[in-house]
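In structure tokens below, several structures.
Next come two complexes, and both contain chain A; in the first it sits with chain B, in the second with chain C.
Let's look at the complex of A and B:
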């Protein structure tokens, strides 16, 4: 177990180095990407500040707490690009061209290898930087702070990353049948867009839907509520439980689906 | 001892029947008939350690499918295959570290980075000891003669140079088994020869078991003592190449451009006429008689152009297939 983790961290480091070298070759569009990300996150901040001129809270969250939520989603997105996201976006091409063959013969789990092969620092860097700023500003404006806030927050960021990863794994498993993955990842993208709204705004069926079937509402809300002083035992337990359950089911679905891979004739 | 044992291996693919035209496309959105097609059926063979075996067969015969099953890429529909005692499709790491597959039409190198970077990544993926890695890399680079290509981005290499790098990348971890699927496809003659030379030497020094598929008769002829001829998903010949060639191919093809008309009667003296189009003539001539027949032809007639060609693999297979 420990040995497996050590090996994958080592491999991650090696792949990260290679991907950074790769990204540096095409530096020119990097600044534009970062600027665009920051601009769109600013638009969101302005949007919420206008709303907060009229209301005090949304689903019980005040403006600064909401900054933490928005920022957390930005950070998670960047973390996802640093680990698995870009690989899943490309999976359709891998299947269609048969390049997936080359992932299946290497002594690395293909579902990790796919992501590692396309680690991107810059794809979502603007969101990451902006995310850290928003979280810092939001947290600085909150009255109650605890020693455990930050380590607990980091743990739940990681937990959310697992939820996001498992969700991608499940959705993208269907690529072995339908071959094209563009639409699948558009779906993932739009769901992630909703992650920046607090989970508390959903009621009844909507809440259950966004927790169990499409667990996106937990991705932002769980870590953000730790820093925002809104965390409750049930919410955190639910979040960890959902992460573990999804990871197990996601891996199972992936394993069954991969058997359907029929390669492409050369 | 056999390190590859294949017994009654079959693989079928599902595909959908679609009626032609837009109407058919719309209909197929809702209702499709599933059909099965066998890519290979009841294939059995054994390969000993250190052998260099060629898979021969026309496109779609099942060569690549067989290799892909042995490499663990595809699951067989039925039958068994043991490689080094492993079931390939279980994709055990211990097995994956002991073989390599190189596919002529697929690229494992990082496109924008120099090949040396991809090599270093493979060192980490295969957990090769750094010292052994450097030793292997130097040996392979020397054998291939590509020292000066190491620092050029892969996208700037020619197809032939890229294939050399692909082979090096595949061999860094000293696999005991190497699957080569059309390694010379699309390469110029010089590069093809270089690859063949390399494969030959590597097999001799490292005792690596190699399975090679190719369309090019030259590849097989040069490298493989034993061939498996696959057609329509089944093995129709398994044995020495020489015997196969002697049994089925006893002639070469002569393509001649004469300067003046030559009568049919005269042409027949040099072989069987396959094609005749004015001054251009194609003949089938017994191998053994070629040297003296050509010599005689050149003294008796004025010849503008002359080419002696091997019989195509496809034709060999067609002949074998016709007889069985």
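Let's look at the complex of A and C:
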């Protein structure tokens, strides 16, 4: 068990080091990527500032609580790029060209290998940095703070990362049938854009849809609610329950889907 | 002309081959827009108002943005980037095709197919939100709207790096949508 973890950590470290060197070759590209992420996060802050000039709360969340929510989504996105996201973006190319064969014969799980091989520190670094700043600013402006807030927040950030991973796993399992993954991952990107809106805006069937099928209403709201002082027992339990259920379901779907891979050669 | 028609047909067939991913994309984009509608309904149902925009204005704005994003935005810049990086662009240079017409034809065939898909998504959204939608009464408003759409299309060169930006971010796109709002009906 420990040997397996140690081996995977070693693999992760090696890929991170290698990919970081690759990304740093194009320095101007690296700087533009970070600056653009920061710019777009600022655009979102301005967007909400404009709304809050006309309203006091959105779904019961005030401006500083929403800063925490926006920042949390930025941090989750960066964590995703540091673990699995870029691999899923590239999966269509692997399947279309038959390169997925190489992943299947390696002595490591294909989905882990796929994720690790493309880990990227810089792809969403600006969002991660801005995310931490927004969370810090939002939290500093809130009146009630508790000792357990930060460890609990970190736990639910990790929980949201699992939800995000499982969702990507389920969506990208369909690539074994439909081959192209670009559109699927654009949709995942759009959904993550909406994770920065509080869960309280949803009503009726939309609330169920965006909780259990497309879990974007939990990814940002669950961790942010802990720091924002809006967490409730049912919400947190629901978040953990959805993460576990989606992880199991996603892994099963992936296992079934991978059997439909038929390589690219004749 | 014949070679461009052939190109159109080939790309049309290519788009049809990967139709599942396009259908999922359009359906997912419809869901994305529905989240934005939830946001605005939540704001307006709490008794708030954004400037002089009514809830109908706002919903119509976002629904139009969905249609325009699908019809106007082009992702061929990404293909072009890949071709240049991987060296395949040299093959293109020796072909008897004008680059602008080539990319226009490729884009046109994909967009016509996408227009068919987006109409279905639009009809579903319209069915659920019909009480919020508003359509211009004057023919001139439709004229200005369509004209601005064409101007917008013309302002989108193949290698525009920010082509994935939302149509709402672009002044011309905002003008197109502006034409539609009831209090601003251009008569």
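Here is the rule we use: the second predicted complex is superposed on the first by the 258 of 266 C-alpha atoms of A that agree within 3 Å, B and C clash if a C-alpha of one lies under 4 Å from a C-alpha of the other, contacts with A are read in each partner's own complex, and residues count from 1 in each chain.
Everything that follows uses one rule, which is that a contact is a pair of C-beta atoms (placed from the backbone, for glycine too) under 8 Å apart; a residue touches a chain by one contact, two chains touch by 3 or more.
Keep in mind that this is a model prediction, so the values were computed, not measured.
Q: Going by the contact rule set out at the top, does A:178 touch chain B (first), chain C (second), both, or neither?
A: In the superposition, A:178 touches chain C alone.
Q: Quick check on the superposed pair: does A:98 touch chain B, chain C, both, or neither? Answer first, second, both or neither.
A: First partner only.
Q: In the overlaid three-chain picture, which partner chain does A:2 touch, first (chain B) or second (chain C), both, or neither?
A: In the superposed model, A:2 contacts neither chain B nor chain C.
Q: When the two structures are overlaid on chain A, which partner does A:22 contact: first (chain B), second (chain C), both, or neither?
A: First partner only.
Q: One more residue to check, A:11. First (chain B), second (chain C), both or neither?
A: A:11 contacts chain B only, not chain C.
Q: Share the list of chain A residues that count as touching for chain B in one structure and for chain C in the other.
A: Residues common to the chain A contacts of chain C and of chain B do not exist here, since the sets are disjoint.
Q: Hey, which residues of chain B end up touching chain A in the complex?
A: Chain B reaches chain A through residues 13, 60, 64-65, 68, 71-75, 91, 93, 96-97, 99-101, 103-108, 110, 112-113, 117, 120-121, 124-127, 181-182.
Q: Considering the complex alone, what residue numbers of chain A touch chain B?
A: Against chain B, the touching part of chain A is residues 7, 10-11, 14-15, 18, 21-22, 25-26, 98-99, 101-102, 104-108, 259, 261-263, 265-266.
Q: What residues on chain C touch chain A, complex-wise?
A: 18, 20-22, 24-25, 28-29, 31-32, 34-36, 38-39, 41-43, 46, 48-51
Q: Chain C touches which residues of chain A in the complex?
A: Where chain A meets chain C, its residues are 51, 54-55, 57-59, 174, 177-184, 186-187, 190-191, 193-194, 197, 200-203, 206, 209-210, 214, 216.
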